[in-house]
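Below: the structure, in structure tokens.
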């Protein structure tokens, strides 16, 4: 059994880790920390853990000794915090999976420019691996620190990687029009996320300057082997969970939809969590809710020479905690689907 | 034009008053106050008022001179506040419609017991009229102070009044099982009303001790001419608006559903806002959203001798601001449906 | 591995069985039938099964030979059908779990009166066991035919059983005011369940005559050892899943809330799926979604002498397919929580 | 009073017309037709009309004599039907507002190519005016036949017109990524729009070939004075109403956000229903629900040289029935806001 700890357990990503790790046959959760909730039992914080064994675990403070017994540490902390906590834990021989932004970038300057803080462990950043298994599985196997991707970048990159890799995307900006359920905005109270205000609403936010933009660009450029420029527009729609990206890419040549499907099938052959959909199916968030799967499909528009890619995932699972568990499975040489194989829900 | 002022405009009831009064042909909103929002324009606080004339009005402080020019004052303030603000305004010759609890009770002791504050204007309480027009229209016409009923009591009382009045209800507790949309809980941030927490949920709250219990009991007893005891259980369901009461009353005798319908039709003959539904229709909240209407229906259960009454309304309209406007229309001798006649919405 | 078959797989209960059985370590789904969908793969019918192994299974016709290899047969068919299909399968030595109404009653006349069809296998009805494990575990162990309870009766009976058993409920009707998510109404298209019509709505239906009434009464009477009369009022609220019952029972004596909690804790001691909640928590549907758990709580109202019980479950899991799997686990001597132990979801 | 008739009243656009026309001070609804509902009263079809005067109107057959007394006819019929019904009504001296597609195109060949039917009244098509008042007010004043725009084209065109008109858009495809509430798909039953299937879902549909594409292109080209090519991707999100378009346009030059705001303000100066939002506000569907308003905002992305435009409206109002009433007001020389001035709703 792998001994796991979670810091920042009170947020939604922390809670989702609890859900997934509690059902994982090779993991024991030995400590869960939250500064604001220390002393309470998990079942007090999460109504869904009432009557569940893990719900009896008492939340500790992040500074406590509880984490010294952990082999793997999941960090669900605001950016800037993980970079401070990780080095000490690594010194004790553990491995770190950070669900925040601190270890997602290769370039320190990019991180510091977009997040507006100095990075507390720049040398670790150089060592860290970007935890998108479909692109970096081999590096993850050998990593000590995994920067778990953002929810939007996961959907965007899984959607565009096959095309970028195959050299099918022409120069020119790629547009990622993305829509997220409200859990993506976190558990902190906000007037515009009060139930009665968000119910029935649809809205864009963070135009032009959202921090997931450079994350998408850095990885997309790496896959393409050239600089890729991205316009990223996030929106909120009124559900708890689910994330949808509609991606517009200029094609270097005419493609048929059948050819596109084949490209995705080949690229994701053997991948347990990326599901290219054949005609006439299109991705839909409800089809992947509570799973670690990402549904993708691509269509060519002969009138404009653009490829339109659709990518759907659960922002809390493949977009956060599920991907973190997948990364843990890889780090420890386990079957990658352990704890993540459950079918989706319907309805 | 009646010059109207609103104090506590930032909350949902205040906002709904804006919506209704802005469309009222005989009203001019001359001042709107909110301590926390003073200085901002209404359109900054309510996205629905962007591009609407009233949205340009600047919010003032409740203490300002703006209200001296008002003829009627709508108070959307926490309990305890209205009782302090009302006397001064009445001295200036105005009329007061309080959407809070301060003027809903006849008995000061009942108010003080359930709200746990001393009443600041007990003599006014004696003078105030309970603003349920279907029961107290004649008194409202002559009132200076109207205590606008709570949302739950409105649904409950409109549902049970015809039976109580007709002497068809046997001794024994009446059960009011009520379900409300989330706006009823107000605009203040609360962890359990954060969008992602409330989405998909259904829950009871305030069991056994909700403050609307004595309000329902006092009025029900008055209608019945004897003491009526009520068990009131409120619940939240995941929508912004809508309120549903399912009421169980012990019957003095066997009744047919047709007879029940006739009793409701007779009782509410000429009432513009209470809609008894004939077979096979049953009340549904969506049928009354954004209107001042209350749909009601009753069925007799021969197996148990109980009458089951269903009552549906929009908690923001007939349950708050719409009823307040109806009361204002009565106070000023206007057609009672002025500003309130719009059909409902579908879908 | 237990070889399982499902007839009526296209409906929501059938789909939920797929979800749960696909994740069950001791079950192999060998055949899934649906008359209308025969020939299609499961992934075509359920978007959530795209990219999931079980999704490749081709749906067969209920008459096909596929079921001869099954040990246990789950029937998700309209009432009347299971009573016809079960006898033949039992002759082959299999066991039957019927998620419909055909084997829920002890009294044939009650079934025939409320369902208005002649029962096709009345002798089997006598043999069948009502599959509420918390009340009938020992009988289920030895059964060949299990009548899986309805969703409403499960919530109602788990809520009231401890009180009835303890003799704490006085003569007089028990009121079950219940609220269900829309999946409970099934997958067949209906104008009033079209998305745009149901969105934002709350409504009662099936007043006075819903078929779950006699099911609740028959079992409640058995637990109480005397006839219990029930008024049952179902409602729909706008979510896919979740079921809430608010139950009003006349108490034989004054009780404290602490005493009530103890009664529930004792009654459900060792039960893995019924979760009595201590103060200050109250049941909420979102806390049990996608789980086989039922949250319960009870409060005494000293003003009226009634006990108010709240009971929340997922109508598709503890209210249907999850309970069926629990029954299967019991039938085969497995750990009762196999395949059902996952924590709930949040948010 | 203008005597108005509606054909196709059973659908959502028809119902919305009822709502708006019933509240219009200068209109009398004299006849409402629906082939499938003839003989029923409107209140039987629309729960929101129970207890409302117009709800008593009996639905007639479209062929009946009722429409001979109408001055203006609103057609909410499937494409192909309006072109057959309009000529006869015009001969009687009436005016026609078609909410379907039959009179939206200038080019018959474009209509016939995308809608795959021969146009039954091509000469009328030449005469008909595209009913987007912000672009064609003067022509509408003199029209006999108005082709009321589609919901998506309205949002898209109001969003992009100021930029196209000002010559600020470079050659190259314009991308319209649009999201609609479910009412846009109509009232006909569909498995994928069953409540439990759509609840919680987000999905794209109609990729590359949606029929609103040529409608947007034809009008956009007219405004721009050159051919504009559009990629249009519609999606559904789980609400009844609301429509959001996110539009990406290549700019001819660098622009500031302030400059963009000014361009929109100038273009829409005096327009009662288009609301350009200043920083820091962004359009949101809930801000325009149940109103005829369209909120718009534009931002420049200096990293890619694209302008991102956001446009939000209620697909049933400005996207259908509200715009039709606006067109009627123009046709009859009335104040354009008559019956359409109500503030939005919150929450």
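When the chains are written out, they are named A, B, C and D in that same order, and each has its own residue count from 1.
Assume a contact is a pair of C-beta atoms (placed from the backbone, for glycine too) under 8 Å apart; a residue touches a chain by one contact, two chains touch by 3 or more.
Not measured: the values here are computed from a predicted model.
Counted as hops between touching chains, the shortest connection from chain B to chain D is 1. Among the other chains, C has the CA centre that is most remote from the centre of chain D. Chain B and chain C have centres, each the mean of its CA atoms, that are 38 Å apart.
Each chain gets a centre from the mean of its Cα atoms; for chain A and chain B, those two points are 46 Å apart.
Each of residues 12, 183, 187, 196-197, 199-200, 238-241, 284, 286, 289, 347 in chain C touches at least two other chains.
Every residue of chain D that touches chain A in the complex is listed here, in rising order: 173, 175, 177, 179, 196-197, 199-205, 207-208, 229, 231, 233, 235, 237-242, 244, 246, 248, 282-286, 289, 299-301, 303-304, 306, 308, 310, 312, 347.
By the touch criterion stated above, chain B contacts chain A in their complex at residues 12, 181-183, 185, 187, 189-191, 193-200, 238-241. On the side of chain C, the complex with chain A involves touching residues 12, 15-16, 18-19, 22-23, 46-52, 54-55, 183, 187, 200, 240-241, 273-275, 277, 281, 284, 286-291, 293, 295, 341-347.
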